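A quick write-up on the structure given underneath.
As written, the chain order gives the labels A, B, C, D and E, with residue 1 at the start of each chain.
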C-alpha cells in the first residue's frame, strides 16, 4: 500500500476511536469553555480589560485545550501498548506520523467553531460573519501548525512519566510564534483591521505549519526507531 | 495501626515516589513558568494591562499546574494498578484519602515559592517580604482547598478515558471560589491593601478548605467501594 | 404499546395549561414596565425558570444522598433526571437572560452576581453529567454521579458569596424590585406551571433511565445442571 | 479445626447464589461455594468462564450483582477491613510502582498492613524468590517473571488466612513454579485456605484438595484434583 | 528449500555477537544465533534470562547495543519495512484498543498491513479462536485469555514468514494451547520459521526442532527439544 493509503487508514482508525469515545471531544470543548470563564475571573469583572485581552484569551484557551487533546490522542495508544502493535506492522513511520497529525489537526480544528462564540459572548466582543470566517481560517492554519510538532512530542512523551506536564512544557515555547500570530491576527479581527495586517500574520502561521509538517515528518521515523 | 499512622504511611510512600521521579515536580514547575510566559504573550506588550492582571495570571498558572500535578499523582498508581494493590490491603479508605490529599497539598504548596518570583519579574510587579509571606500563606490555604476535591476527582477519573480533560472539567468550576479568593487577595497584596479585605478572602479560602476536607473524606470511601 | 394514563402526565398537562394562562396574563394583561418596555415580559418565564432550576438542583442533591445511602437504581435515575432537568432550566435561564440583557443593557453578558452564579452552576452540573457519561459500569456510575452531585451542590453557596465579594468593588446591577400586583400574579402562576412541567420531565427522564437499565438487565441464565461429581463438600 | 459444612461461621468462604453481571453479560451466576479452612481449592475452566470474576468478588474488588457471601463468618459489606486483613489476592496485575525498588515495594506493602519490615527480613524474603541481588533495582526494569515473583511475595508478608491466587504459575519459570507449589503446600499445612485459578492443570490438580470446573460463569462440576484431569479431557 | 548454515542469505535469522544493555545491566550478550527457514525454535531459560529481550531485538523493537543481525538476509537497519513485512511478534502485551470490538481490531490490523478483510473472513478467523460470538463486544471487557487469543490472531492475518511468540501459551486454557500448538505445526509445514519463548517446557519442547537455554543473557546450551527437558532438570 502506498504512503497515502496507510496514512488514511491511520486517520480512519483514529476517527473510529474518536467516535467510540465521543466523550473526549465534548469534554475537551467543555474544558475550553471553562478555561475561557476562568480567564475572566482571573482578570476581574472589569469589562474593558477583558475586552482588550479577549483575543489573547481565546487563543490561550484554544492552545490549552489543544495540548490536552494531543496528549489524549496517545493515551489510548499506550493503554494496552496498541502503538507497539502498530509499529510491528509494516506501516511506514511517515504514514503513521502524517495520519496521526492529520487526525489531530481535524480534532483541533473543531475547537474554534465552538469556543469562539462563547468567548464573544463572555467577553462582550462583536464580530460579523466575515470576521468569524477569517478567524476560523486562521485557526485552521494555527491548528495545523500546532499538531505537527504536537504529534511528534506527544508520541515521544507518551510513555514517559508525567507526559501531561512534559508535552506542554516542550510544546508551549515552541509554538510561541503560532500563539503570537494567532493572538495578533485574531485581536486585529476583533478590533477591526485598519491596516490589513492579518495577511502577514496568516503568512507566518502558514509558514510555521509548512516548516513543521515537513521537518517533523522527517524526524518522526527517528523518534520511533526503538519504539515508543 | 490507627488512621493517622496509615495516612502518614501513604504520605511517606508518595514522597518517596516523588523523590524518585523528581522530574514531576520540576516539570510541573516549569510548566507553570511557561504558562506565566504565555499569558504575557497572550495579553501583548501592554505592561499596564499585564500589571493589572498579574495576580490573576499568577493564580491561573498555579491552578493549571496544580491540576496537572493532581492528575499525575494518580497516573503512577494506575500504571501497573498499584492502587488496586493498596485497596487490597487492610488500609482504611479514609486514611488513604487523607494521606493522598496531604501529599498533594504539600506538592501544590511548593509551586507558589517558585512561580511567584517569576511572575513578579515577568510582569514587573514589586512585593516586599511581608507581602510575599502573606501570599504564600494564602496559597497554602488555596492549595489545601484545591487538593481536597482534586484528590477525590483525580481518583475517580484516574481510570477513565481522558482523565486529563475530565479532571479540570470537574475541578475548575468547583474551585472558582478558591480561584476568586486567591486572585482577589493576591491582587490586593500586589497593589497594596488599603481596606484590609485580605482577611475576609482568607476566611473564604479557609472555609472552602475545611468544608471540602470534611465532605470529600466522607465521600471517598464510597467512591472506591468497587475499586478505581 | 398502550400506556395507561400516569399521574405525572396529568401534572405535565396541568403545567402546560398553567403556563398558557400565566403567559397570557403576562403578555397581554399585565402592565408593561416603565423603563424596559415590552421586553420586560420575558420576566414571566425568566424568573420562574431561575427559581425552579435552583429547586430542581436541590432535589438532585437530596436524591443523590439517598442514592448513595441505598444504592437503589431508582434514586440514581431520580438524581440524573433532576440534574438534567436542572441543566435544561438553567440553560433556558441563561438564554432568556442573555436575550433580555442584549435588549436592555446592550450586551449579551455581564459579570453580575446572579448571572455569574447561574453560569457556574450550569458548568458544575454539566461536569457531573460528563463524568457520568464516561462510566460504563451501572453501579459505579450511580455512586459517582451521586458523589459528584453532592460535591457540586455544596459549592453553590460558596460560589454565590465569592461572586458577591468579587463584584463588591463595582456597582451592583440594578434590577427593578418594586413590582405591580398584576406582575406578581402571572409570575406566581408561571412558577407553578414550570414546576409542574419540571416534575413531569423529571419523571419521564427517570422512567427512561430505569427502562434503559431494565433493558440491560438480562436475568440470570438458567442454572446449568451440574455434571458427574457428587457434592463431596 | 473441626468442620461443619452448614455452619457459615466455621467456613472460610461461603457464597450463596453469587452472581456478577457486566452490561448484558453474566460473568458469574448461581455460584454456591463452601470452602473449609485449610482447604486448597482449584478453579478451572475455559477462557472467559468467570474464574477471575469469582476471585475478585471474594476479594471484595467487585460488588456482587446478586447473592451474598461470608468470609470466615464475616460479611464483607459490614466488616470490609477485617476481611481485607484476612485475605490476600494476587491477580493478573502486578500492583507495582515502576520507580520503586524491590525492597521499597516490600516495605510499602508491609507498612500499609500495619507492620514494620526489617531490611534483613526483606532481603530474606527476596532471596526466597531469587531477587535478592536485584533488591535495589527499580521494578520497572524487571522481566515479566521477576515482577510476578515480587508480587507473589505479598502472600508471605503478613498472616492472611485466605490466599487467593489468579494464575500464580503464569510467567514463572520451572523453579518459580516449584517454589509456589511449595508455598501452597506450606499454607495448607499451616491451616490456611487457598483458592487458585489456573490453566496449568497438571501442576495445580495435584496440589488441590478439591477442584471446580467453571463454564460460562457457572460451576459445572466439582470433584477431586485427580478427577478434574479426566473431566477436562472429556468436556473441554 | 535447501540450507547452507553459513550463508546468511538463506538463513531466516542470523545474529552475530548480539548484545543489549539496560543501564548497567546486560540483558543479552554474545548472542550468535542461526535459524534456518522452516525451523521451530524454542528459547527457554529462567526468569530474567533475556528471552523477551532477544525476541524484541529480532523484531526490531530494541536497537542492539552490540552486534548485528540479518533477517532472511535483510539488514533490519536498512530494510526496516521489508523486515516488518516478513515477521510478526506477539509479546507480553496485547496491543488492543479497549473501545474497539474484536472485529474492528482485526480490520484495523489488516488494513494497516495493506490488505482488506472481508467481514466473513474476519468472523471465520474469530471462530478459530472461539470468539465469534463476542465479535461485537469491546475488547476492554475481555478476559485475559480472550485478549491473548485475539492478539494471537495477528499471526494469521497475513503471510509473515517469521513468527515470534513470547509465551504464547500463557493465559490460554487447554483448548487454546492445543490450538496454538496446531498453528505452530501448521507454520512449520508451511515452511515458516517460528521462534517461541516459553516456560511451558512439556508442551513447547515437543513442538520445537531445536531448543536454546538462556542464562543471564547468554546462550548456555543448545540441543533438541527432548534433550532440553533433561537439561533443565539438571541445571535449573
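A few remarks follow.
Keep in mind that, in the parts below, a residue touches a chain if its C-beta (ideal position, glycine included) is under 8 Å from a C-beta of that chain, and two chains touch if they have at least 3 such contacts.
Treat the numbers as computed from the prediction; the structure is a model and nothing was measured.
Judged by contacting C-beta pairs, the busier of the interfaces A-C and B-D is B-D. When each chain is reduced to the average of its Cα atoms, E sits farthest from subunit C. For the pair subunit C and subunit E, the distance between C-alpha centroids works out to 57 Å.
Note: centroid distance subunit B to subunit C, computed from Cα atoms, is 31 Å.
If each chain is reduced to the centroid of its CA atoms, subunit A and subunit B end up 26 Å from each other. Mean C-alpha position of subunit C lies 47 Å from that of subunit D. Touching of two or more other chains is recorded for residues 99 of subunit E.
Across the assembly, subunit C contributes residues 120, 123, 127, 130, 134, 137, 139, 166 that each touch 2 or more other chains.
Contact with two or more other chains is made by residues 21, 76, 161-162, 166, 169, 172-173, 176, 180, 225-226 of subunit B.
Pairwise, the chains that make contact are A-B, A-C, A-E, B-C, B-D, C-D, D-E. On the side of subunit B, the complex with subunit C involves touching residues 149, 152-153, 156-157, 160-162, 166, 169-170, 172-174, 176-177, 180-181, 184, 200-201, 204, 207-208, 211-212, 215-216, 219, 222-223, 225-226.
The touching residues of subunit E, counted against subunit D in their complex, run 22-23, 25, 45-48, 52, 92, 130, 137, 141-146, 148-149, 167, 170-177, 199, 201-202, 232, 236. Of all the residues in subunit A, the ones that touch subunit C in their complex are 23, 26-27, 30, 33-34, 37, 40-41, 44-47, 120-122, 124.
Those residues of subunit E that touch subunit A in the complex are listed here as 59, 61-63, 81-82, 84-85, 88-89, 91, 93-100, 104, 108-109, 111-114, 138, 147, 151, 154. On the side of subunit B, the complex with subunit A involves touching residues 21, 23-24, 27-28, 30-31, 34-35, 37-39, 41-44, 46, 49, 52-53, 56-57, 59-60, 63-64, 68-69, 71-72, 75-76, 161-162, 164-166, 168-169, 172-173, 176, 179-180, 183, 187.
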